[in-house]
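What follows is a set of structures for review.
One chain, chain A, appears in both complexes that follow, with chain B as partner in the first and chain C in the second.
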Partner chain A sequence: MPLATPLAVEFDNVTRHFGPAGAPVRAVDGVSVGITEGCFFAMLGPSGSGKTTCLRLISGFERPTSGHIRIFGQNSEAIPPNRRPVNTVFQDYALFPHLTVRDNVAYGPRMAGVDRRTRHAAAEEMLALVKLSGYGDRKPAALSGGQRQRVALARALVNRPRVLLLDEPLGALDLKLREAMQEELKSLQQSLGITFVFVTHDQGEALSMADRVAVFNDGKIVQEGTPQDIYERPRTRFVADFVGSANVLSPELSARAGGPARWTSLRGEAVALTAPGAGRITGTVRSLRYMGAVTRVTVATPGGDLTATVPAALPLPAQGATVGLHWPADALHEMEGGA
Partner chain B sequence: MTDTAQAPATGPLARLSDQFWRRPRLLLVLLLALPLLWLGLIYIGSLAALLAQSFFSIDEFSGLINREVTLRTYGELLRPANFDIILRTVLMAAAVTIAAAIIAFPIAYYAARHARGRMKAAFYLAVMLPLWSSYLVKVYAWKLILAKEGILTWAVEGLGASTILNAILALPVIGGNSLSVSYIGTFLVFLYVWLPFMILPLQASLERVPGNLLEASDDLGATPGQTFRHVILPLAMPGLIAGSIFTFSLTLGDYIIPQIVGNSSRFIGMAVYQHQGTAGNIPLAAAFAVVPIVIMGLYLWMARRRGAFDAL
Partner chain C sequence: MRSDRAPLGLRIAAFAGLAFLHLPILLIFVYAFTTEDKSYQWPPPGFTTHWLGVTWNRPDVWEALSLSLRVAAISTCIALILGTLAAAAVSRAAFWGREAVTLLVILPIALPGIITGIALRSAFNLGEIPFSTLTIVLGHATFCIVVVYNNTVARFRRISGSMLEASADLGANGFQTFAHVVLPNIATALLAGGMLAFALSFDEVIVTTFTAGQQATLPIWMLEELVRPRQRPVTNVVAMVVVIVTALPILAAYYLTRGGTDTAGSGK
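Let's turn to the complex of A and B:
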């Protein structure tokens, strides 16, 4: 069966349980997903939702309790981690403290039997790629967090992996550095054409970097799709809450505002402030959060709080003022189930 | 001064504590004074006295110490009879250290990386328990175990392996009439007595190797053997060096085990004991005592040059 785009990694109903068989921790619970080759794939979810375990299943440090993982179409069960075409950027970098930066980067080629000159040249090339030329003789302890992160990246990339696994690689960096690294990682992925599987609990990071996002909760993928899908059409309340982009309306509130009597989501940007009584619903301004380009105005309505995102150019109401809220009928997005 | 915000220091103790808070160095000096005095005067001082003694010589006719600085006593160390003692001791210490490292590594690795809870407690107990009984009792117990009529011979006969034991005892130099009067016996007892001093530092250093480094090595394509050579061993090196300092120097300095178990050839410790006692040749005893110090110094210097402490 020829596929249009080959799958780099495929989870086929994969489960990974820890602890006693009677009362197991279901770290990964029936995950099925395909990651296409050359894709920037983000695994997004709160801490403890099973993202790291999924990554470790791909790298081979965990084995599925049931189900199968195929890497480039090949069943991976019998292949140990050191022989998978996969490399990992570890959450805390895991650089070898006794080796110089150059020897850290050249570690993979050295294990593969590449001679010293060739592997050092490859290491220098990779260090240049991550903008660390000239740092080869240092020990990891003499680097900043951001530099260590780059060394970890170079150490993985020098092996020319077909899939690169990154476990919250930017988690330990400060905001400015994190944003710079996000862009660099994204452009690196595009220029190298390697499949990236990127774990994060930061929804902004996932949405801005990834081609596809899988949202995890309790060991399950609750939604998988493009960032637009996830952001604009959250499938469940959990996704809407976690991605944080949208208001979640209870069936009562939705019906009161003229929508379907279902759980619905409503993006803040779609909500406009009007005079009291002129909109779909009326309430009092509970709080204003100034965010630069926009201000998030939270309004207490009889059915619950709603947040409107108001562009900086528009006038703002005072706290405690009574306002109306209006939105286009098609901005209301129905979600599945009650949970 | 009726309503001050802070209560003034009351009592001498409170004032003293305030003083210490204002001058942290004062506290440091007071705390370190006694141990430094001990280390500086008693320990380093006696070592210096020892070193000085080794540069004196003994008048062969009168038996009196000649307090002129000379290298003659060191020259005596090179006489075949004395040099053999040094060589024998160093070879024994090296053999004990290497064997201890080989035996200790898997035990320490298991304890550091796999044992949990009860197993870990059992490990510590098993390693420490022999240290609780007297050293002399253990050595004499081993003499009985290794003796010709001892339990080991009996067990080996029971297993029908006497030929193997006899073949081992027939080995030149290290063999002998029975294990208790051979170099092999001395070696086994040294190994038994000093093994905990290798296991414990090794276990501590292996415990500090983060598990994710082993995973990183695996992830980068290393086989288990390569991970051992390139990650585990270098990171365990400080523990291995610490352990080998113990086993090596304890063997170099011991004068009891070779007296009780072995073929009564002399080791450095015994030579020191005899020269400062019955023979009354304090300078030669001192020169002998300097040998282990020099050897350990050389050993550490070499280990350092080979990068053994890079992981510290």
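Let's turn to the complex of A and C:
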């Protein structure tokens, strides 16, 4: 099958079952997706949706029950983990406690038979890249969580992998550090040009960092596309709920508000508050959530709750007030089926 | 004051307990240098280093010592290999009957030595295996394995699965992972377990009694000497040597494992 852009990783109808053949846990269930070279690819989904298993299928620590995984066009089944052109940043970092930071980073080159002087130089270079120059002689136990995370990153990158796998690498960091690391990871990926496959359950993280996002649910990819696609045009109710950006309108509510009698999504930013009766639908203000630049106003309507995101500059209604809600006709997006 | 008296009483009790434990050992040392060789007379009528030379020139002492050292060394080696493998299997892999295996591995140390001894003796008889150094070694290996297992199993649990995967992910094959990740993390535990196993084997009597043929290990030799003394203080000189040979490894093991626990496997 000829392709326009080279694929770094390709899942071809991949399934991975655990447990008894009669009643298996379908950790990965018929996943087909292509990850283009040089792309920042996020796997987004709730806990237990099969993201880690997908990553482990790429690194080779799991084998597909059926289907194929191709890495740079090559069938990967016969290649053991230590021979794949991929490296992993593990969720718990998995640093070697008995080695210094420098020897941790130099571990890959050492296994490849690189001499001591060269591999230590390479390690220092990588430590500088992740802003940890001067920490080479420490043991991992003497580092903070954020520093360990950088060591894990340096240890993977020193091998010049063609694909870097990251399993919720920022999950253990506090919010400020996480935001700083998000930016650093993104710019690192851009400057190195390596394909990143990034697992996260944080939709904000996935949408802000990735070039493409695959949303997982129950071992399946329910939607794959650019962050804009996912955010603005969620294909199913699950995506709309999980990404959390949009109102989900039942067919009745949609029809009542002048839309199609289908499940539809409606972004909060598209909804404006009006005088009662002036909008597409009228309801009473149930709650106000102040979020800084915006306030999320939830309005109870006869067909269900709708949330409007109101910029700080606009006046806010009181709780319990009756208001109208209006939105442009093209703000409603139809979604698939009832699920 | 009240608060002073209670600790004082405790201290006296502690000293009394320690004295009760350690004075007999001191007595052994004292009688190794006595001039009286027929009975244990207190206080000793005089002191001499004569018995050190006498012991040195007794071939039966050397034979027993050499047998004990050989048995302890071989049992320890067997235990290091099998105990480590058992610990690795139990802590790494999930398999059917894992709990049962755990129990079976540590059972020999919970069983009275006399049971182990009788069981082994019957088994050797049934298998028509002649009693020899080999049978003594097999007997000792049963409890040496437990000691090594107990020391290493905790360390194995501390090596996370993702650490081994990280090693493979970075290009290491199975052997490299064992040499560069597993071994450094269990090294002190192996050393400690090995030393304890050696010490235990070196002064074991009960299992040895049942599994030895005509040979005598050092402790057995001492028992025989006590029953039919020829030169009584020689036994004491030998006892002194046994104390030193077994106490040193146990102390070393104690300090090694004590240091190893708080540095989380960073020790060498």
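Keep in mind that, in the parts below, the second predicted complex is superposed on the first by the 337 of 339 C-alpha atoms of A that agree within 3 Å, B and C clash if a C-alpha of one lies under 4 Å from a C-alpha of the other, contacts with A are read in each partner's own complex, and residues count from 1 in each chain.
By definition in this document, a contact is a pair of C-beta atoms (placed from the backbone, for glycine too) under 8 Å apart; a residue touches a chain by one contact, two chains touch by 3 or more.
Quick caveat, the model's predicted, so the values are computed rather than measured.
Participant: Determine, for the superposed arrangement built on chain A, whether chain B and chain C clash or fit.
Facilitator: clash
Participant: Touching A:R16 in the superposition: chain B (first), chain C (second), both, neither?
Facilitator: After superposing on A, A:R16 lies clear of both chain B and chain C.
Participant: Which partner does A:A141 reach: the first (chain B), the second (chain C), both, or neither?
Facilitator: second
Participant: Using the touch definition from the top, say if A:F61 reaches chain B (first), chain C (second), both or neither.
Facilitator: After superposition on chain A, A:F61 lies in contact with both partners, chain B and chain C.
Participant: Between chain B (first) and chain C (second), which, if any, makes contact with A:R119: first, second, both or neither?
Facilitator: After superposing on A, A:R119 lies clear of both chain B and chain C.
Participant: Contacts for A:P97 in the overlay, against chain B (first) and chain C (second): which applies, first, second, both or neither?
Facilitator: both
Participant: To test your reading of the overlay: chain B has the stretches 6-14, 150-158 or 168-176, and exactly one clashes with chain C. Name it.
Facilitator: Stretch 150-158 of chain B has C-alpha atoms clashing with chain C.
Participant: Give me the intersection of chain A's contacts with chain B and its contacts with chain C, in residue numbers.
Facilitator: Residues 59, 61, 80-83, 86-88, 90, 92, 94-98, 107-108, 110-112, 155-156, 159, which sit in both footprints.
Participant: Once bound in the complex, which stretches of chain A touch chain B?
Facilitator: 59, 61, 80-83, 86-88, 90, 92, 94-98, 107-108, 110-112, 155-156, 159
Participant: Where on chain B is chain A touching in the complex?
Facilitator: 210, 212-213, 215-223, 226, 230-231, 234-235, 310-311
Participant: Using the touch definition up top, name the residues of chain A that touch chain C in the complex.
Facilitator: Listed in rising order, the residues are 59, 61, 80-83, 86-88, 90-92, 94-98, 107-108, 110-112, 139, 141, 155-156, 159.
Participant: In the complex, go through chain C and note every residue touching chain A.
Facilitator: Touching chain A from chain C are residues 160, 162-163, 165-173, 176, 180-181, 184-185, 264-266, 268.
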